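Two complexes follow with chain A in common, the first pairing it with chain B and the second with chain C.
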Partner chain A sequence: MVTQNNVNASYTLGANRELANNAQPAFCAYNSSTDADQTGNGTLVTVDFDTEVFDQNADFAADTFTAPVTGRYYFVYQLELDDIAAANTSGNSFIVTSNRTFYHNYYDYGNCQTAAGIYAIQGNAQCDMDAADTSTIQVQINNGGADTVDVNGHATDMLTFYAGYLTV
Partner chain B sequence: MTNNSCNTYIIAPASHEVTMPLQPAVLACVANDVSNVTGDGTAYTVICDYEHYDQNADYNTGTGIFTSPLTGIYLMFQQLGLNVFSGNNGYLKLITSNRNYYFCTRLFTNFVAPGVNYFSGYTLTDLDAGDTSTMQAVISGGAKSVDIKSNISTLRTYFNPKLVC
Partner chain C sequence: MKKLLKEGYYLSRADRLAVANELDTTLEEWAMKGPYFHMTGKPVKAMKAKWMGKLQESKAMSKGSIPANYMDLVTEIKAMSDFAPEKHNGSGLKKPKRTQARDEKILTNGMNIENHEHEACVAYWEDPEGYLVDLLDNKIAACKSRMIKEWTTLFIADPTVASFPSDEDELIEFIVARPEYKNRVQREAESLEA
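Right after this comes the complex of A and B.
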């Protein structure tokens, strides 16, 4: 049965038998202001997500998600990079977990940016995590001669964000 | 697992896989190409007019609006098939009652060859009961000549929200 413990009514059942579980680990955090000059010449940087939209089990802090229980977790992120220059001809982004790292977005960044120098990338993965394992998002843009690439943020709009939840 | 008097809403067979046939989950797509909708900066609201499934009848194929039936966390996936031209740049946008998400901001036609290409965005979002979400394409850098591409069996443009917790 769907059980309800004596402390928290964690399940919400809708009129049409929809089911929500507000105790399930699930979070979404975003960057609320632009972090300038983070990468561009090979610097590997852990991305700043300083504001939470939701964090149902209080598992996200200091840009890091910590798994409260062993299970399979789905993670998705977007990074809006700015001040990309033509010289930034390669780079990657990563989901870094305690068990393994997932590589994403190997591109010629310097050939794909808007006139304003913006290039937004996404990545996602289903990850196996043990209790207390952690995950972060990293990015590394190369060949620019200096670290002049920004990670954009905005007070309300979701430009750079990181989200995840326990799936099974 | 639990069976109310009307509907079985969680099914767990002997081997203990779980399905939830009444859980809000939508797969809707664009059935026919829509021509010349953006490219000059116009924000075009995409209407997926064909549903493959809509388990709780939450998506309106006439307006392109998904309405949350229950407060919770929803996994949103959207893909747009766009016929883009040299110089086109822009973004995809997911508009929810609480906040907006911007995806794929880039110069499209250096990322891919001009022609039909596919751009996607996904996120988790918090929706209260009655909140809505829609998807838009905002493409600039040229004339209003960018088309939304379609196919109902090999999906090109589609919207795929579901309640996850």
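Right after this comes the complex of A and C.
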């Protein structure tokens, strides 16, 4: 049912015919405080996204998106990593879904970071998911000798975030 | 504490093989992630998102307070005069075709669910038990469908394959009997070695 200017309907038709669907699965969450010493020597860590900007179909919780219906979902993320050293010469970040894992490979982090040891990774993928499949973001930085790489967070700035929505 | 799926869920061998083709976990481990959230966290979260504003409005008028725990919050929301259950269902979910016997029981102790989650769950889903079974059935059907689609394409392109079974369960057995076949865990282990 489409009702003009009726915010209680699933679809909202704006005064200028903008169509919004407030039941469409869509979420955006971010990390609100830095998680120190998460990886750096090969430790695979599931990234913390503890604060929601929106989750309009109640599908996101505990850093995990759960598909409410079978479909194709588009995910995008950024991870701001800190305290990267020259020795951190390789690493990966991943969109981990139930059906498959999408790899984003990076090499020579140690030479890519800023003087402050910061490097931001972005990734995205269109993922096939069955109803109740899950999706998380993981990161693994290697060769540092110890897990000294932080995953940055901020109370208001979206340094490390994860967002997604059902496309078809 | 309440329990869903007290009688567990039964798999056939072909069900298990098709799931192993695609997942790096067992179906039971998969069930305790997404489907568990669908039965527990999602109904509570959806109920709060939909009704919290109205509850605040009505409490503000009566100078009342809002409970700061989910058990009481769910009870208060369900007691609102205009509260109506959602009654979502699993329409559109697929059922697997099976010819083999379902002789492997999983979720033998059912799925535990907190009382307030159960209260929200029965208000959100039309038939929570049925929906949970539908989710498991749908996952198996999807795994079988993709496995069969992938391999029948390969068989048709392979001149050494003269024919393959039409029955889905027999076809899955035919696929896993191929010397080159590997399930997901085996494929990923091989990829890591490379």
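Rule of thumb we're sticking to: the second predicted complex is superposed on the first by the 159 of 168 C-alpha atoms of A that agree within 3 Å, B and C clash if a C-alpha of one lies under 4 Å from a C-alpha of the other, contacts with A are read in each partner's own complex, and residues count from 1 in each chain.
We adopt the following convention: a contact is a pair of C-beta atoms (placed from the backbone, for glycine too) under 8 Å apart; a residue touches a chain by one contact, two chains touch by 3 or more.
Only a predicted model underlies this, so the values are computations on that prediction, with no experimental measurement involved.
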First (chain B), second (chain C), both or neither: which does A:Ala115 touch? first
Have a look at where A:Asp157 lands relative to chain B and chain C in the superposition and call it first, second, both or neither. first
So, A:Phe54: does it touch chain B (first), chain C (second), both, or neither? first
Broader residue contact with chain A after superposition on the shared chain, chain B or chain C: B
Considering only the touch criterion stated at the top, classify A:Asn92 as touching first (chain B), second (chain C), both, or neither. neither
After lining up the shared chain so the two structures overlap, which partner does A:Tyr165 touch, if you call chain B first and chain C second: first, second, both or neither? first
Common interface residues of chain A - those touching chain B in one complex and chain C in the other: none
Of all residues in chain A, those that touch chain C in their complex: 55, 57-59, 61-62, 64, 66-70, 98-99, 130-134
Contact residues on chain A for chain B in the complex? 1-2, 12, 14-22, 24, 26, 28, 53-54, 56, 74, 76, 78, 80, 107, 111-115, 118-120, 122, 124, 156-159, 161, 163-167
In the complex, chain B touches chain A at residues 1-2, 4, 7, 9-10, 20, 22-24, 56, 69-73, 75, 89, 91, 98-107, 110-111, 120-126, 129, 163-165
Chain A partner, complex, touching residues on chain C are 22-23, 30, 33-35, 37-38, 41-42, 45-46, 49, 90, 92-93, 135, 138-139, 142
